[in-house]
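Got some structures for you, see below.
In the two complexes below, subunit A is the common chain; its partner is subunit B in one and subunit C in the other.
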Partner chain A sequence: MKRGLPGTLVLVLSLAVLAALVLLPMWLVGSSSFKLPREIISRFPTFFPHSFTLQHYQKLLGTSAFPTYFVNSTLVAACSAFVTVVLATLAGYAFFRLEFRGRDFLYRLIMVAYAFPSIVILIPIYLMFAKVGLIDTDLALVVVNVTFALPFSIWMMRTFFASLPRELEEAAAIDGASRLATALYILVPLLRPGIAAIAIFAFVSSWTEYLFASVLIISDAKRTLPVGLSGIIGQYQIDWGLLLAGASLSILPVVIFFGFVGRWFVAGLTEGAVK
Partner chain B sequence: MASHNPSRAKSGDGRLALLLLALPLGLLAATLVVPMISAVNISLHDIRVIGSEGPFSGLDNYARVLTAGSFWHALGVSALWVVGNALVQTVLAVLAALVLNEKFPGVRIARIWIILTWIIPTVVVVIIWRWMLSPSGGMINPFLISIGLIDRPIGFFSSGPMALASLILINSWRWFPFVAIMLLAGLQRIPADLYEAAAVDGAGPIARFRAITWPLLQPTLLVLTVMGTLLSFNVFDIIWLLTAGGPAGASETLPVLIYETAFKAYRMGDAAAMSVVASLMMIGLAILLIDRLAPKETGR
Partner chain C sequence: MRFKGHALAGAMALTVFGALPALAVTEVKIWHMEQPPHRVQRVQELIDAFNAANPDIKVSQEPQSWGEVYAKVPASIAAGNQPDILFAIPDFTTVIRKVDKLESVADFVKELDAKHHFIPATVEPYSYDGGVWAVPLYNMSLNYWYHKKAFADAGIEAPKTWTEWKSAAEKLSKDGVFGVGLPANKQLYTDQTTYAVMVNNGASELFNADGTLRFDNPKTVESYAFYKDLYKYSSPDAANWTWGEAEACFASENCASILQFTVISTYDQQGGGDPSQLGIAAVPHADDQKDSATIAYSNAAIILAKDAAKRDAAKKFIAYLLEPETYGKFLTMEPGLFLPVTADGAKSASFWSDPLVVKYKPQVEQMIANSANGKLFGFTDGRVFPAIGPISAQNILAETLQKVVVNGEDPAAAVKAGQAAMEAATK
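And then the complex of A and B:
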């Protein structure tokens, strides 16, 4: 369908608003992290920095525990993403390629788990983990993050399995390939976009998780970025330069990661959203 | 859904499924089902010290919690929070999805990067908005003054209604792109020839939206609204980090109250009782919403 001039104008204008809404705050945070403190809080914000300094980054990386938080978060998020991918792929194969009793019931149960209020299990999880000695460990966070990422990931998996023609597997079976070989050499490579989508979903969920990380981790050396950064907010009496540098460095890895696999994620989301 | 063909069922499928599902389902059982049962158990005990069992107290915790004003106040705030978020997020998401459904150069990039607000940690969202909304040095106040909307800087988190409204806007800003991307799927499923036929009949863009887009988008919108309601009820960190439930409890939603009761007042039994009531409400709400709004959906 052709767009007239008014239509084009409306589209361009809406796109500009949308871009401003999403990108402008990010740009301001990133560019301001290089500004001198007095420019950061100047009455009329500068779109392009007039001053340039690395002092906020030096302070952040040199004197705060930020690097430790960063490493902890990366480790926890990477492990959570890996475990989620493995478990969601196993479950995906079972749910969408095998016939067994109770399949639909179990699948629905997993969907309920997705909407489960996390605050309800916070207290029991805390008490349970205290009993088995998991408090203050990275493992505790990985377990919790996988739990929250798994239901949605299995749900997304359905789309990716549905997009694979069954004939491929049947042909492989006729050729004498075992089920394991078929799965490893035929399905997994074809599922790569799906695996990327699930990995980024799990990574991002873990990277941004605050509630459980704040309760299950006690020692400062084990804190993740969200909890560590929130501690810095209170610790230094609102040092905006430091916080903006911290915010910029917390966004950077997910932005880079997302740059590589983001399109798979969006494809998975748009296709998985509706039956 | 994978094609469902019983003739393909193999006798080995059941055993293999059990093997493959043992780990994922075992994990979910251990971290969701067991804690849920345990929450009910905790709610029946008077636990004041973490790690202690506490004496059995029957429904005392429930009676105390449900007769206290704070629970009902928090429930009310939660209701405002959920409805406010649903409205703002849905409107923004529908508009964004309509824009992203158009064809224009760079549409693929726009569809991927709009979701930027979702991939950054909540604590960063908090830093961004605390900075921009700050009455001293933030840029929103000077901007609003310069366009003549206000005549002196306002404190976005200093009055109750303003704090809740600001929180809803910030949380919606964070989530609307995620919803928009899912809505896109619904939009893309609408056959293009419907629009072409309508255009031939002389329907303008608004008429086409009302006759085609809106009705056909509703099933998707419904699923997302139910999901969004449940998810925004759960939101804790953004509220906790920006206002901690204040000022004077104006933004104290149920999760915030539960967290405070458990980890500030150390009344685990009371907190568990509240969370059991909250989850029963959420499950009830989910069933009600799906039943009332989409009778067709329940048959499956």
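And then the complex of A and C:
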């Protein structure tokens, strides 16, 4: 179908507006992190920096615990994403390939995890974790992150499993492949878009999780980025340069991770949408 | 057999003497909410010096956030992993007393008072129900900050009364400058600015002597109506402000004046940095009032430790912080924000020799003078109403203000609804 000039104009304009909405805040945050403090809070905001300084980054990396928070966040998010992918894939296989009593009921039941606001279960979870010695551990955050990411991930996996013909597994079985070999060598490669989508979803939700990380972690050395950054910024006085430098650096891992597996993520979402 | 006996005795001796050093060290865990890196660093310097001088005690800090601490501390107490020392403010102390059976520190405070002489108003908010529940550590009070040049250019003086305040805000609001920066967020900062206006109109009491609420009264309504009048000259985004945005507005000279605890650090590092141009005054009072008052927070340390050795170690550390030679270093972890609560602390060389305090000495002196007439909602005139805890936690003062200045509700109706909300919160 050929687009006319008005159609092209509307399309370009829409894309420009969309790009501005997404990129403008990122540009302002990123570029302002290199401005001198006075320019950051200037009465007349500057789109392009008139000054240049690395002082905010030096302060952030040199005098704050930002590097520790960064490592903790990376570790927690990576572990959460890995465990979510493994469990969602296995659960997806169980739900959509195996026959067992109560399967449909169980499949619907797991989505109940989203019925409760996080704040309601915060204190009970704290007390449960305290009993088993999980308070102030990275493992506590991984458990919570996986718990919240898993139901949606399993739900997403349904569409990917549905797109795989059962004949492939039957053919593998005829060739003598075990169930595990079929899963590893036939299904997993074909499920890559779904796995990428789940990995990114779990990574990003763990990376940005604040509430549980702020309560379940006590010591400064184990804090994750969102909680650590909120502390660095200050309450009565905000160091805007530090805030902007921290915000700029904290989106880097997500951008890099998305850069590697983003192609599959988009494919995964599209696949989920049309099935 | 003889060898066996010697071996056994040796093993026992090793066990006892080997264990001695571990048994001798008493660990004290502190939770405080001074999270910015430079404050954590200063506290750590003091802890290191204390630990070096007291090898039998090991103090450690775990900075927390005010945002979560109201939920986190009760949970940690329930789970049995609470800190030994907890920094607190008066209303938070009432919350802690509900979830933990605190031991009174009256004797300890008396001992410290004999040595350092506490400013009485800083101990009062923690003295009720027959005990003293925390040891005051530092004070904070809200002040009226202004740009001297902007005022001089407009030909006006710092306002003393509400009429002058409104007139100044009106005259200064031109060429993109806001005459006054006042928040309207449903948040603690707005609670504080609202109460600072109320105390300057004789509406400082939220409770009657019998503990019933008296928030809904003509003086409170007048205060809200006046805030609404002033708010017209504040920044349009002030409905979302916390302290940081107000300071940025002031430091960038977008706001000619604001109500804030201190602006010194921000003004020095991000603003003009010229002390001769930084004005400070008491919060203006209503025309029929004689003097200005303000809101003041006495921050204190609660000892949560139950174990006698830990309690003694915690007291030793608190006493160390209040020694004049260390107290100034403690207060200047955020120069100008934290004010002394003791008479000898107010004179300590370690406080007045801080470079920023030296540079802004007149402003710091004025802050201390303003704090002398400080009040805090629920803790006024020597009476303490623990029911203030939920009222403060739910920001009902600020919520009422939002109804008036953002939703445009009639102040009398909003205050009436505010009192109903307070009654519901304290049931």
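One rule holds in what follows: the second predicted complex is superposed on the first by the 261 of 275 C-alpha atoms of A that agree within 3 Å, B and C clash if a C-alpha of one lies under 4 Å from a C-alpha of the other, contacts with A are read in each partner's own complex, and residues count from 1 in each chain.
The rule is short, and it goes like this: a residue touches a chain if its C-beta (ideal position, glycine included) is under 8 Å from a C-beta of that chain, and two chains touch if they have at least 3 such contacts.
Computed from a prediction, not measured in an experiment: that's the story for all the values here.
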Clash or fit (per the criteria above) of subunit B with subunit C on subunit A: clash
In the superposition, subunit B vs subunit C on subunit A residues touched: B
Partner chain in contact with A:127 - subunit B first, subunit C second, else both or neither: both
Subunit B versus subunit C as contact partner of A:63, first or second or both or neither: second
First (subunit B), second (subunit C), both or neither touched by A:192: neither
Touching partner for A:42 - first (subunit B), second (subunit C), both, neither: both
Subunit B versus subunit C as contact partner of A:144, first or second or both or neither: first
First, second, both or neither for A:135, with subunit B first and subunit C second: second
Contacts of A:239 with subunit B and subunit C, given as first, second, both or neither: second
Partner chain(s) touched by A:215 [first = subunit B, second = subunit C, both, neither]: both
Colliding stretch - subunit B into subunit C, listed as 80-88, 242-250 or 278-286: 242-250
Interface residues of subunit A shared between complexes with subunit B and subunit C: 40-43, 122-123, 126-127, 130-131, 215, 227, 230, 233, 240
Of subunit A, residues touching subunit C in the complex: 37-38, 40-43, 63-65, 122-123, 126-127, 130-131, 135, 214-215, 218-220, 227, 230-240
Residues of subunit C touching subunit A in the complex: 33, 35-38, 40-41, 62-68, 71-72, 74-76, 78-81, 176, 242-245, 247-248, 251-254, 261-262, 265-266, 269-271, 334, 337
Subunit A-touching residues of subunit B, taken from the complex the two chains share: 1-4, 6, 8-10, 13-14, 16-18, 20-21, 23-25, 27-28, 31-32, 34-36, 38-39, 42, 50-51, 95-96, 99, 102, 104, 108, 110-124, 126-132, 136-137, 139, 142, 173, 177-178, 181-186, 188-189, 192, 195-196, 199, 205, 219-220, 223-224, 227, 230-231, 233-234, 236-237, 240-241, 254-255, 258-259, 262-263, 268, 271-272, 275-276, 278-279, 282-283, 286
In the complex with subunit B, residue positions of subunit A that touch it: 1, 3, 7, 11, 14-15, 18-19, 21-23, 25-26, 28-29, 40-45, 87-88, 90-91, 93-101, 103, 106, 110, 112-128, 130-131, 143-144, 146-147, 150-151, 154, 158, 161-162, 166, 179, 204, 207-208, 210-211, 215, 225-227, 229-230, 233, 240, 243-244, 246-247, 250-251, 254-255, 258, 262-263, 265-266, 269-275
